[in-house]
Amino acid sequence: MTNTEKLAAIELIKQLKARYLRFIDTKDYEGLATVFTKDAVMDLRRAMEKARWAKTVTTKAKEAASDSGGWLFKGPAAIVKFVRGSTHGAVTVHRGLMPEIDVMSATTARGIWAQEDFIQWSDGPRLRSLHGFGHYHETYKRVAGLWLIKSTVMTRLRVDIA
Amino acid sequence: MTNTEKLAAIELIKQLKARYLRFIDTKDYEGLATVFTKDAVMDLRRAMEKARWAKTVTTKAKEAASDSGGWLFKGPAAIVKFVRGSTHGAVTVHRGLMPEIDVMSATTARGIWAQEDFIQWSDGPRLRSLHGFGHYHETYKRVAGLWLIKSTVMTRLRVDIA
Amino acid sequence: MTNTEKLAAIELIKQLKARYLRFIDTKDYEGLATVFTKDAVMDLRRAMEKARWAKTVTTKAKEAASDSGGWLFKGPAAIVKFVRGSTHGAVTVHRGLMPEIDVMSATTARGIWAQEDFIQWSDGPRLRSLHGFGHYHETYKRVAGLWLIKSTVMTRLRVDIA
(Lines give C-alpha, C1' and ligand atoms only; values in the text may rest on other atoms or scores of the structure.)
Protein backbone atom coordinates (compact mmCIF):
# COMPACT_ATOMS: atom_id res chain seq x y z
CA MET A 1 0.00 0.00 0.00
CA THR A 2 1.12 3.57 -0.61
CA ASN A 3 1.24 6.10 2.22
CA THR A 4 -1.88 7.76 0.80
CA GLU A 5 -3.76 4.45 0.72
CA LYS A 6 -2.83 3.84 4.37
CA LEU A 7 -3.92 7.34 5.39
CA ALA A 8 -7.19 6.91 3.49
CA ALA A 9 -7.81 3.59 5.26
CA ILE A 10 -7.14 5.20 8.66
CA GLU A 11 -9.59 8.01 7.92
CA LEU A 12 -12.25 5.53 6.78
CA ILE A 13 -11.81 3.50 9.96
CA LYS A 14 -12.11 6.65 12.09
CA GLN A 15 -15.38 7.45 10.30
CA LEU A 16 -16.56 3.85 10.71
CA LYS A 17 -16.00 4.09 14.47
CA ALA A 18 -17.69 7.51 14.64
CA ARG A 19 -20.71 6.16 12.76
CA TYR A 20 -20.83 3.09 15.01
CA LEU A 21 -21.00 5.14 18.22
CA ARG A 22 -23.35 7.70 16.70
CA PHE A 23 -25.74 4.90 15.70
CA ILE A 24 -25.73 3.64 19.31
CA ASP A 25 -26.42 7.08 20.78
CA THR A 26 -29.12 7.99 18.23
CA LYS A 27 -30.65 4.49 18.53
CA ASP A 28 -30.28 3.79 14.81
CA TYR A 29 -30.25 -0.01 15.03
CA GLU A 30 -30.53 -0.59 11.28
CA GLY A 31 -27.41 1.50 10.82
CA LEU A 32 -25.72 -0.24 13.74
CA ALA A 33 -26.07 -3.65 12.10
CA THR A 34 -24.14 -2.42 9.04
CA VAL A 35 -20.84 -1.58 10.75
CA PHE A 36 -19.84 -5.17 11.60
CA THR A 37 -18.47 -8.12 9.65
CA LYS A 38 -20.71 -11.19 9.67
CA ASP A 39 -18.37 -12.90 12.15
CA ALA A 40 -17.86 -9.80 14.32
CA VAL A 41 -17.31 -10.21 18.06
CA MET A 42 -17.99 -7.78 20.93
CA ASP A 43 -16.11 -8.89 24.01
CA LEU A 44 -16.99 -7.16 27.30
CA ARG A 45 -15.67 -9.93 29.55
CA ARG A 46 -12.57 -8.10 30.75
CA ALA A 47 -14.57 -4.93 31.33
CA MET A 48 -17.24 -6.76 33.31
CA GLU A 49 -15.31 -9.36 35.28
CA LYS A 50 -14.45 -7.06 38.19
CA ALA A 51 -17.72 -5.16 38.05
CA ARG A 52 -19.96 -6.12 40.94
CA TRP A 53 -22.67 -3.98 39.39
CA ALA A 54 -22.46 -5.76 36.04
CA LYS A 55 -25.37 -8.06 36.72
CA THR A 56 -27.69 -5.23 37.65
CA VAL A 57 -27.24 -3.22 34.47
CA THR A 58 -30.81 -3.88 33.49
CA THR A 59 -32.97 -6.93 33.20
CA LYS A 60 -32.89 -6.72 29.42
CA ALA A 61 -29.12 -6.46 29.30
CA LYS A 62 -28.91 -9.44 31.63
CA GLU A 63 -31.12 -11.43 29.31
CA ALA A 64 -29.08 -10.39 26.29
CA ALA A 65 -25.82 -11.26 28.05
CA SER A 66 -27.22 -14.53 29.24
CA ASP A 67 -28.31 -15.48 25.75
CA SER A 68 -24.77 -15.01 24.53
CA GLY A 69 -23.08 -16.86 27.36
CA GLY A 70 -21.98 -13.81 29.29
CA TRP A 71 -20.61 -10.57 27.88
CA LEU A 72 -19.33 -12.10 24.63
CA PHE A 73 -21.53 -11.32 21.65
CA LYS A 74 -21.09 -12.98 18.28
CA GLY A 75 -22.42 -11.60 15.03
CA PRO A 76 -24.20 -8.33 14.21
CA ALA A 77 -27.62 -9.58 15.35
CA ALA A 78 -26.42 -10.57 18.83
CA ILE A 79 -24.42 -7.35 19.21
CA VAL A 80 -27.33 -5.15 18.19
CA LYS A 81 -29.70 -7.11 20.46
CA PHE A 82 -27.37 -6.55 23.41
CA VAL A 83 -26.84 -2.83 22.72
CA ARG A 84 -30.55 -2.33 22.21
CA GLY A 85 -31.46 -4.24 25.34
CA SER A 86 -28.91 -2.71 27.66
CA THR A 87 -29.65 0.87 26.62
CA HIS A 88 -33.43 0.61 26.40
CA GLY A 89 -35.00 3.60 28.08
CA ALA A 90 -31.61 5.21 28.46
CA VAL A 91 -29.87 8.26 27.11
CA THR A 92 -26.36 7.22 26.12
CA VAL A 93 -23.20 9.08 25.18
CA HIS A 94 -20.34 6.98 23.78
CA ARG A 95 -16.88 8.23 22.93
CA GLY A 96 -14.01 6.66 20.97
CA LEU A 97 -11.04 9.04 21.17
CA MET A 98 -7.35 9.27 20.35
CA PRO A 99 -7.20 6.36 17.89
CA GLU A 100 -3.98 4.44 17.30
CA ILE A 101 -4.79 2.67 14.05
CA ASP A 102 -2.35 0.27 12.44
CA VAL A 103 -3.19 -0.72 8.85
CA MET A 104 -1.65 -4.14 8.38
CA SER A 105 -2.75 -4.78 4.80
CA ALA A 106 -5.20 -3.53 2.19
CA THR A 107 -7.97 -5.42 3.99
CA THR A 108 -6.89 -5.74 7.64
CA ALA A 109 -6.23 -3.24 10.41
CA ARG A 110 -6.29 -2.94 14.18
CA GLY A 111 -6.69 -0.05 16.58
CA ILE A 112 -6.74 1.11 20.19
CA TRP A 113 -9.07 3.91 21.30
CA ALA A 114 -9.59 5.76 24.55
CA GLN A 115 -13.15 4.93 25.57
CA GLU A 116 -15.84 6.69 27.56
CA ASP A 117 -19.51 6.00 28.01
CA PHE A 118 -22.17 7.78 29.97
CA ILE A 119 -25.51 6.01 30.29
CA GLN A 120 -28.54 7.21 32.19
CA TRP A 121 -31.55 4.91 32.53
CA SER A 122 -34.99 6.14 33.35
CA ASP A 123 -36.46 2.70 33.93
CA GLY A 124 -33.76 0.84 35.85
CA PRO A 125 -34.76 -0.65 39.17
CA ARG A 126 -31.51 -0.01 40.98
CA LEU A 127 -28.79 1.33 38.69
CA ARG A 128 -29.56 4.85 37.51
CA SER A 129 -26.44 5.88 35.64
CA LEU A 130 -23.05 4.60 34.61
CA HIS A 131 -20.01 6.67 33.63
CA GLY A 132 -17.13 4.54 32.44
CA PHE A 133 -13.62 5.15 31.12
CA GLY A 134 -11.29 2.69 29.42
CA HIS A 135 -10.05 1.52 26.06
CA TYR A 136 -11.37 -0.27 22.99
CA HIS A 137 -9.03 -2.80 21.39
CA GLU A 138 -10.34 -3.53 17.90
CA THR A 139 -9.70 -5.21 14.58
CA TYR A 140 -11.12 -4.21 11.22
CA LYS A 141 -11.61 -5.92 7.91
CA ARG A 142 -12.29 -4.50 4.47
CA VAL A 143 -15.13 -6.38 2.81
CA ALA A 144 -16.23 -5.48 -0.73
CA GLY A 145 -14.39 -2.17 -0.44
CA LEU A 146 -15.94 -1.25 2.91
CA TRP A 147 -14.09 -1.19 6.25
CA LEU A 148 -16.04 -3.01 8.97
CA ILE A 149 -15.51 -3.83 12.66
CA LYS A 150 -14.37 -7.42 13.08
CA SER A 151 -13.80 -7.42 16.84
CA THR A 152 -14.09 -4.98 19.72
CA VAL A 153 -12.74 -5.72 23.20
CA MET A 154 -13.37 -3.26 26.03
CA THR A 155 -11.10 -2.70 29.03
CA ARG A 156 -11.83 -0.29 31.87
CA LEU A 157 -9.84 2.23 33.86
CA ARG A 158 -12.78 3.16 36.07
CA VAL A 159 -16.55 3.03 36.25
CA ASP A 160 -18.66 5.39 38.34
CA ILE A 161 -22.20 4.38 39.08
CA ALA A 162 -24.97 6.37 40.69
CA MET B 1 -9.88 15.59 -6.47
CA THR B 2 -7.17 13.08 -5.67
CA ASN B 3 -7.28 11.01 -2.49
CA THR B 4 -4.49 13.17 -1.05
CA GLU B 5 -6.41 16.36 -1.80
CA LYS B 6 -9.48 14.94 -0.04
CA LEU B 7 -7.44 13.86 2.98
CA ALA B 8 -5.79 17.28 3.14
CA ALA B 9 -9.21 18.97 3.01
CA ILE B 10 -10.49 16.74 5.84
CA GLU B 11 -7.47 17.59 7.99
CA LEU B 12 -7.92 21.32 7.33
CA ILE B 13 -11.60 21.13 8.28
CA LYS B 14 -10.71 19.29 11.51
CA GLN B 15 -8.26 22.06 12.34
CA LEU B 16 -10.85 24.71 11.42
CA LYS B 17 -13.31 23.15 13.86
CA ALA B 18 -10.63 22.85 16.58
CA ARG B 19 -9.70 26.51 16.13
CA TYR B 20 -13.36 27.52 16.22
CA LEU B 21 -14.03 25.81 19.56
CA ARG B 22 -10.67 26.93 21.01
CA PHE B 23 -11.52 30.53 20.12
CA ILE B 24 -14.84 30.22 21.99
CA ASP B 25 -13.22 28.73 25.10
CA THR B 26 -10.31 31.19 25.17
CA LYS B 27 -12.67 34.09 24.39
CA ASP B 28 -10.76 35.08 21.26
CA TYR B 29 -13.62 36.86 19.48
CA GLU B 30 -11.46 38.36 16.73
CA GLY B 31 -10.31 34.86 15.87
CA LEU B 32 -13.86 33.55 16.15
CA ALA B 33 -15.13 35.92 13.47
CA THR B 34 -12.60 34.51 10.98
CA VAL B 35 -13.85 30.91 10.90
CA PHE B 36 -17.19 31.60 9.17
CA THR B 37 -18.28 32.42 5.64
CA LYS B 38 -20.01 35.78 5.26
CA ASP B 39 -23.37 34.01 4.92
CA ALA B 40 -22.72 31.52 7.73
CA VAL B 41 -25.64 30.29 9.85
CA MET B 42 -25.66 28.91 13.42
CA ASP B 43 -28.91 27.08 14.05
CA LEU B 44 -29.68 26.11 17.65
CA ARG B 45 -33.45 25.77 17.16
CA ARG B 46 -33.60 21.97 17.31
CA ALA B 47 -31.30 21.96 20.34
CA MET B 48 -33.37 24.55 22.18
CA GLU B 49 -36.94 23.70 21.24
CA LYS B 50 -37.43 21.14 24.00
CA ALA B 51 -35.29 22.95 26.53
CA ARG B 52 -37.41 24.55 29.23
CA TRP B 53 -34.27 26.17 30.59
CA ALA B 54 -33.35 27.73 27.24
CA LYS B 55 -34.82 31.12 28.03
CA THR B 56 -32.96 31.46 31.29
CA VAL B 57 -29.49 30.93 29.84
CA THR B 58 -28.56 34.50 30.65
CA THR B 59 -30.07 37.86 30.00
CA LYS B 60 -27.44 38.63 27.39
CA ALA B 61 -27.97 35.39 25.57
CA LYS B 62 -31.70 36.06 25.62
CA GLU B 63 -31.12 39.46 24.08
CA ALA B 64 -28.79 38.01 21.45
CA ALA B 65 -31.27 35.25 20.62
CA SER B 66 -34.12 37.70 20.53
CA ASP B 67 -32.24 39.99 18.15
CA SER B 68 -31.84 37.14 15.74
CA GLY B 69 -35.37 35.88 15.94
CA GLY B 70 -34.70 32.98 18.28
CA TRP B 71 -31.72 30.65 18.19
CA LEU B 72 -30.93 31.16 14.50
CA PHE B 73 -27.92 33.41 13.95
CA LYS B 74 -26.96 34.71 10.52
CA GLY B 75 -23.51 36.01 9.66
CA PRO B 76 -20.26 36.10 11.64
CA ALA B 77 -21.17 39.27 13.56
CA ALA B 78 -24.48 37.84 14.87
CA ILE B 79 -22.85 34.50 15.73
CA VAL B 80 -19.99 36.13 17.61
CA LYS B 81 -22.41 38.44 19.41
CA PHE B 82 -24.49 35.48 20.56
CA VAL B 83 -21.48 33.41 21.67
CA ARG B 84 -19.99 36.40 23.47
CA GLY B 85 -23.28 37.27 25.17
CA SER B 86 -24.28 33.79 26.23
CA THR B 87 -20.86 32.93 27.69
CA HIS B 88 -20.12 36.27 29.34
CA GLY B 89 -18.79 35.68 32.82
CA ALA B 90 -18.62 31.96 32.15
CA VAL B 91 -15.90 29.37 31.87
CA THR B 92 -16.71 27.22 28.85
CA VAL B 93 -15.41 23.91 27.52
CA HIS B 94 -16.58 22.91 24.02
CA ARG B 95 -15.83 19.64 22.28
CA GLY B 96 -16.23 18.52 18.67
CA LEU B 97 -15.31 14.85 18.49
CA MET B 98 -15.35 11.86 16.13
CA PRO B 99 -15.80 13.80 12.87
CA GLU B 100 -17.46 12.21 9.86
CA ILE B 101 -16.38 14.60 7.12
CA ASP B 102 -17.51 14.17 3.54
CA VAL B 103 -15.64 16.28 0.97
CA MET B 104 -18.10 16.80 -1.86
CA SER B 105 -15.94 18.96 -4.13
CA ALA B 106 -12.79 21.06 -4.03
CA THR B 107 -14.76 23.84 -2.32
CA THR B 108 -17.65 22.14 -0.50
CA ALA B 109 -17.85 19.65 2.36
CA ARG B 110 -20.15 18.56 5.16
CA GLY B 111 -19.60 16.86 8.49
CA ILE B 112 -21.19 15.38 11.60
CA TRP B 113 -19.44 15.66 14.98
CA ALA B 114 -20.20 14.36 18.43
CA GLN B 115 -20.73 17.46 20.55
CA GLU B 116 -20.24 18.32 24.20
CA ASP B 117 -20.26 21.61 26.04
CA PHE B 118 -19.75 22.45 29.67
CA ILE B 119 -20.54 26.01 30.70
CA GLN B 120 -20.31 27.46 34.19
CA TRP B 121 -21.54 30.99 34.80
CA SER B 122 -20.52 33.05 37.76
CA ASP B 123 -23.06 35.81 37.19
CA GLY B 124 -26.19 33.95 36.22
CA PRO B 125 -29.29 34.63 38.27
CA ARG B 126 -30.71 31.13 38.17
CA LEU B 127 -28.79 28.84 35.87
CA ARG B 128 -25.33 28.10 37.21
CA SER B 129 -24.00 25.46 34.84
CA LEU B 130 -24.93 23.52 31.74
CA HIS B 131 -23.44 20.24 30.55
CA GLY B 132 -24.75 19.18 27.17
CA PHE B 133 -24.18 16.30 24.77
CA GLY B 134 -25.27 15.99 21.16
CA HIS B 135 -24.12 16.42 17.59
CA TYR B 136 -23.07 19.18 15.23
CA HIS B 137 -24.30 18.88 11.63
CA GLU B 138 -22.22 21.25 9.52
CA THR B 139 -21.34 22.40 6.03
CA TYR B 140 -18.08 23.97 4.94
CA LYS B 141 -16.98 26.08 2.01
CA ARG B 142 -13.50 26.84 0.70
CA VAL B 143 -13.16 30.57 0.04
CA ALA B 144 -9.91 31.99 -1.40
CA GLY B 145 -8.14 28.75 -0.48
CA LEU B 146 -9.40 28.71 3.11
CA TRP B 147 -11.97 26.27 4.50
CA LEU B 148 -14.69 28.08 6.50
CA ILE B 149 -17.85 27.07 8.37
CA LYS B 150 -20.95 27.75 6.27
CA SER B 151 -23.55 26.30 8.60
CA THR B 152 -23.68 24.60 11.97
CA VAL B 153 -26.82 22.93 13.34
CA MET B 154 -26.83 21.51 16.87
CA THR B 155 -28.90 18.57 18.08
CA ARG B 156 -28.94 17.28 21.65
CA LEU B 157 -28.88 13.86 23.28
CA ARG B 158 -29.08 15.28 26.78
CA VAL B 159 -28.51 18.44 28.78
CA ASP B 160 -27.76 18.51 32.49
CA ILE B 161 -28.24 21.77 34.32
CA ALA B 162 -27.36 22.69 37.86
CA MET C 1 7.61 17.92 1.97
CA THR C 2 4.73 16.67 -0.13
CA ASN C 3 1.14 16.94 1.09
CA THR C 4 1.15 13.20 1.73
CA GLU C 5 4.33 13.42 3.81
CA LYS C 6 2.79 16.21 5.89
CA LEU C 7 -0.43 14.24 6.40
CA ALA C 8 1.57 11.16 7.39
CA ALA C 9 3.56 13.23 9.91
CA ILE C 10 0.34 14.64 11.40
CA GLU C 11 -1.12 11.14 11.79
CA LEU C 12 2.09 9.87 13.43
CA ILE C 13 2.06 12.79 15.89
CA LYS C 14 -1.59 12.10 16.74
CA GLN C 15 -0.67 8.47 17.47
CA LEU C 16 2.37 9.60 19.49
CA LYS C 17 0.12 11.77 21.66
CA ALA C 18 -2.46 8.98 22.02
CA ARG C 19 0.25 6.53 23.08
CA TYR C 20 1.68 9.07 25.54
CA LEU C 21 -1.63 9.58 27.33
CA ARG C 22 -2.51 5.86 27.19
CA PHE C 23 0.83 5.03 28.82
CA ILE C 24 0.04 7.47 31.67
CA ASP C 25 -3.44 6.04 32.24
CA THR C 26 -2.35 2.39 32.04
CA LYS C 27 0.75 3.16 34.17
CA ASP C 28 3.16 1.88 31.52
CA TYR C 29 6.21 3.87 32.65
CA GLU C 30 8.67 2.06 30.39
CA GLY C 31 6.53 3.03 27.43
CA LEU C 32 6.12 6.55 28.79
CA ALA C 33 9.88 7.17 28.77
CA THR C 34 10.03 6.39 25.03
CA VAL C 35 7.76 9.19 23.80
CA PHE C 36 10.10 12.09 24.67
CA THR C 37 13.28 13.53 23.17
CA LYS C 38 16.29 13.44 25.50
CA ASP C 39 15.96 17.19 26.11
CA ALA C 40 12.16 17.12 26.46
CA VAL C 41 10.47 19.61 28.81
CA MET C 42 7.11 19.38 30.60
CA ASP C 43 6.04 22.81 31.79
CA LEU C 44 3.11 23.01 34.20
CA ARG C 45 3.96 26.43 35.62
CA ARG C 46 1.18 28.36 33.89
CA ALA C 47 -1.34 25.65 34.80
CA MET C 48 -0.29 25.66 38.45
CA GLU C 49 0.46 29.29 39.19
CA LYS C 50 -3.11 30.25 40.06
CA ALA C 51 -3.96 26.93 41.65
CA ARG C 52 -4.19 27.26 45.41
CA TRP C 53 -4.62 23.50 45.59
CA ALA C 54 -1.46 22.82 43.57
CA LYS C 55 0.72 22.18 46.59
CA THR C 56 -1.62 19.64 48.07
CA VAL C 57 -1.76 17.38 45.03
CA THR C 58 0.05 14.64 46.90
CA THR C 59 3.20 14.44 48.92
CA LYS C 60 4.96 12.53 46.18
CA ALA C 61 4.00 15.03 43.51
CA LYS C 62 5.22 17.80 45.78
CA GLU C 63 8.54 16.03 46.15
CA ALA C 64 8.81 15.46 42.40
CA ALA C 65 7.95 19.09 41.68
CA SER C 66 10.34 20.30 44.33
CA ASP C 67 13.16 18.23 42.86
CA SER C 68 12.66 19.91 39.53
CA GLY C 69 12.39 23.44 40.87
CA GLY C 70 8.63 23.71 40.68
CA TRP C 71 6.38 22.37 37.91
CA LEU C 72 9.06 22.39 35.19
CA PHE C 73 10.41 18.94 34.40
CA LYS C 74 13.43 18.37 32.19
CA GLY C 75 14.25 15.09 30.48
CA PRO C 76 12.28 11.84 30.21
CA ALA C 77 13.46 10.57 33.63
CA ALA C 78 12.24 13.66 35.52
CA ILE C 79 8.95 13.72 33.59
CA VAL C 80 8.25 10.04 34.26
CA LYS C 81 9.20 10.46 37.93
CA PHE C 82 6.74 13.33 38.28
CA VAL C 83 3.91 11.55 36.46
CA ARG C 84 4.52 8.40 38.47
CA GLY C 85 4.70 10.27 41.77
CA SER C 86 1.69 12.51 41.26
CA THR C 87 -0.59 9.71 40.09
CA HIS C 88 0.51 7.02 42.56
CA GLY C 89 -2.52 5.29 43.99
CA ALA C 90 -4.75 7.12 41.55
CA VAL C 91 -6.96 6.19 38.65
CA THR C 92 -6.31 8.70 35.88
CA VAL C 93 -8.03 9.58 32.62
CA HIS C 94 -6.16 11.95 30.29
CA ARG C 95 -7.48 13.37 27.04
CA GLY C 96 -5.78 15.19 24.18
CA LEU C 97 -8.47 16.27 21.70
CA MET C 98 -9.02 18.38 18.60
CA PRO C 99 -5.36 18.65 17.55
CA GLU C 100 -4.13 21.60 15.49
CA ILE C 101 -0.81 20.24 14.24
CA ASP C 102 1.52 22.35 12.12
CA VAL C 103 4.34 20.42 10.43
CA MET C 104 7.13 22.97 9.98
CA SER C 105 9.73 20.69 8.39
CA ALA C 106 10.53 17.02 7.89
CA THR C 107 11.77 16.86 11.50
CA THR C 108 9.92 19.62 13.40
CA ALA C 109 6.28 20.27 14.24
CA ARG C 110 4.10 21.98 16.81
CA GLY C 111 0.56 21.48 17.99
CA ILE C 112 -2.26 22.71 20.22
CA TRP C 113 -4.67 20.23 21.81
CA ALA C 114 -7.76 20.60 23.94
CA GLN C 115 -6.86 18.99 27.25
CA GLU C 116 -8.79 17.20 29.98
CA ASP C 117 -7.68 15.14 32.93
CA PHE C 118 -9.62 13.36 35.61
CA ILE C 119 -7.61 12.01 38.53
CA GLN C 120 -8.97 10.22 41.56
CA TRP C 121 -6.61 9.35 44.40
CA SER C 122 -7.36 6.70 46.95
CA ASP C 123 -4.48 7.63 49.25
CA GLY C 124 -4.53 11.42 49.29
CA PRO C 125 -4.78 13.12 52.66
CA ARG C 126 -6.94 16.02 51.56
CA LEU C 127 -7.40 16.18 47.80
CA ARG C 128 -9.54 13.31 46.57
CA SER C 129 -10.05 14.08 42.92
CA LEU C 130 -9.17 16.61 40.26
CA HIS C 131 -11.02 17.27 37.00
CA GLY C 132 -9.23 19.76 34.79
CA PHE C 133 -9.80 21.31 31.37
CA GLY C 134 -7.36 23.32 29.25
CA HIS C 135 -4.92 23.08 26.41
CA TYR C 136 -1.59 21.47 25.63
CA HIS C 137 0.86 23.59 23.61
CA GLU C 138 3.53 21.25 22.26
CA THR C 139 6.51 20.86 19.96
CA TYR C 140 7.69 17.67 18.32
CA LYS C 141 10.94 16.48 16.79
CA ARG C 142 11.63 13.57 14.48
CA VAL C 143 14.65 11.64 15.72
CA ALA C 144 15.94 8.63 13.76
CA GLY C 145 12.65 8.48 11.86
CA LEU C 146 10.48 8.60 14.98
CA TRP C 147 8.34 11.57 16.04
CA LEU C 148 8.86 12.44 19.73
CA ILE C 149 7.54 15.07 22.16
CA LYS C 150 10.09 17.86 22.62
CA SER C 151 8.03 20.14 24.86
CA THR C 152 4.58 20.20 26.41
CA VAL C 153 3.14 23.26 28.12
CA MET C 154 -0.24 23.04 29.86
CA THR C 155 -2.72 25.90 30.29
CA ARG C 156 -6.03 25.62 32.14
CA LEU C 157 -9.56 26.80 31.51
CA ARG C 158 -10.87 25.37 34.75
CA VAL C 159 -10.08 22.84 37.45
CA ASP C 160 -12.68 21.24 39.69
CA ILE C 161 -11.47 19.57 42.85
CA ALA C 162 -13.39 17.45 45.31
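As written, the chain order gives the labels A, B and C, with residue 1 at the start of each chain.
Assume a residue touches a chain if its C-beta (ideal position, glycine included) is under 8 Å from a C-beta of that chain, and two chains touch if they have at least 3 such contacts.
This is a predicted model, so every value here is computed, not measured.
Least-squares overlay of CA atoms from chain A onto chain C yields a rotation of 120° to the nearest 5.
Judged by shared residue numbers over all numbers used at their interface, chain B and chain C contact each other through mostly different positions, with under half in common.
For the pair chain B and chain C, the distance between C-alpha centroids works out to 28 Å. Multi-chain contact residues, meaning those touching two or more other chains, occur in chain B at positions 4, 7, 97.
Only residues 3-4, 6-7, 10, 97-101, 112, 114, 116, 133, 135, 157-158 of chain C touch chain B when the two sit together in their complex. Within the complex, the chain C residues that touch chain A are 4-5, 7-8, 11, 14-15, 17-19, 21-22, 25-26, 91-93, 95-97, 118, 120.
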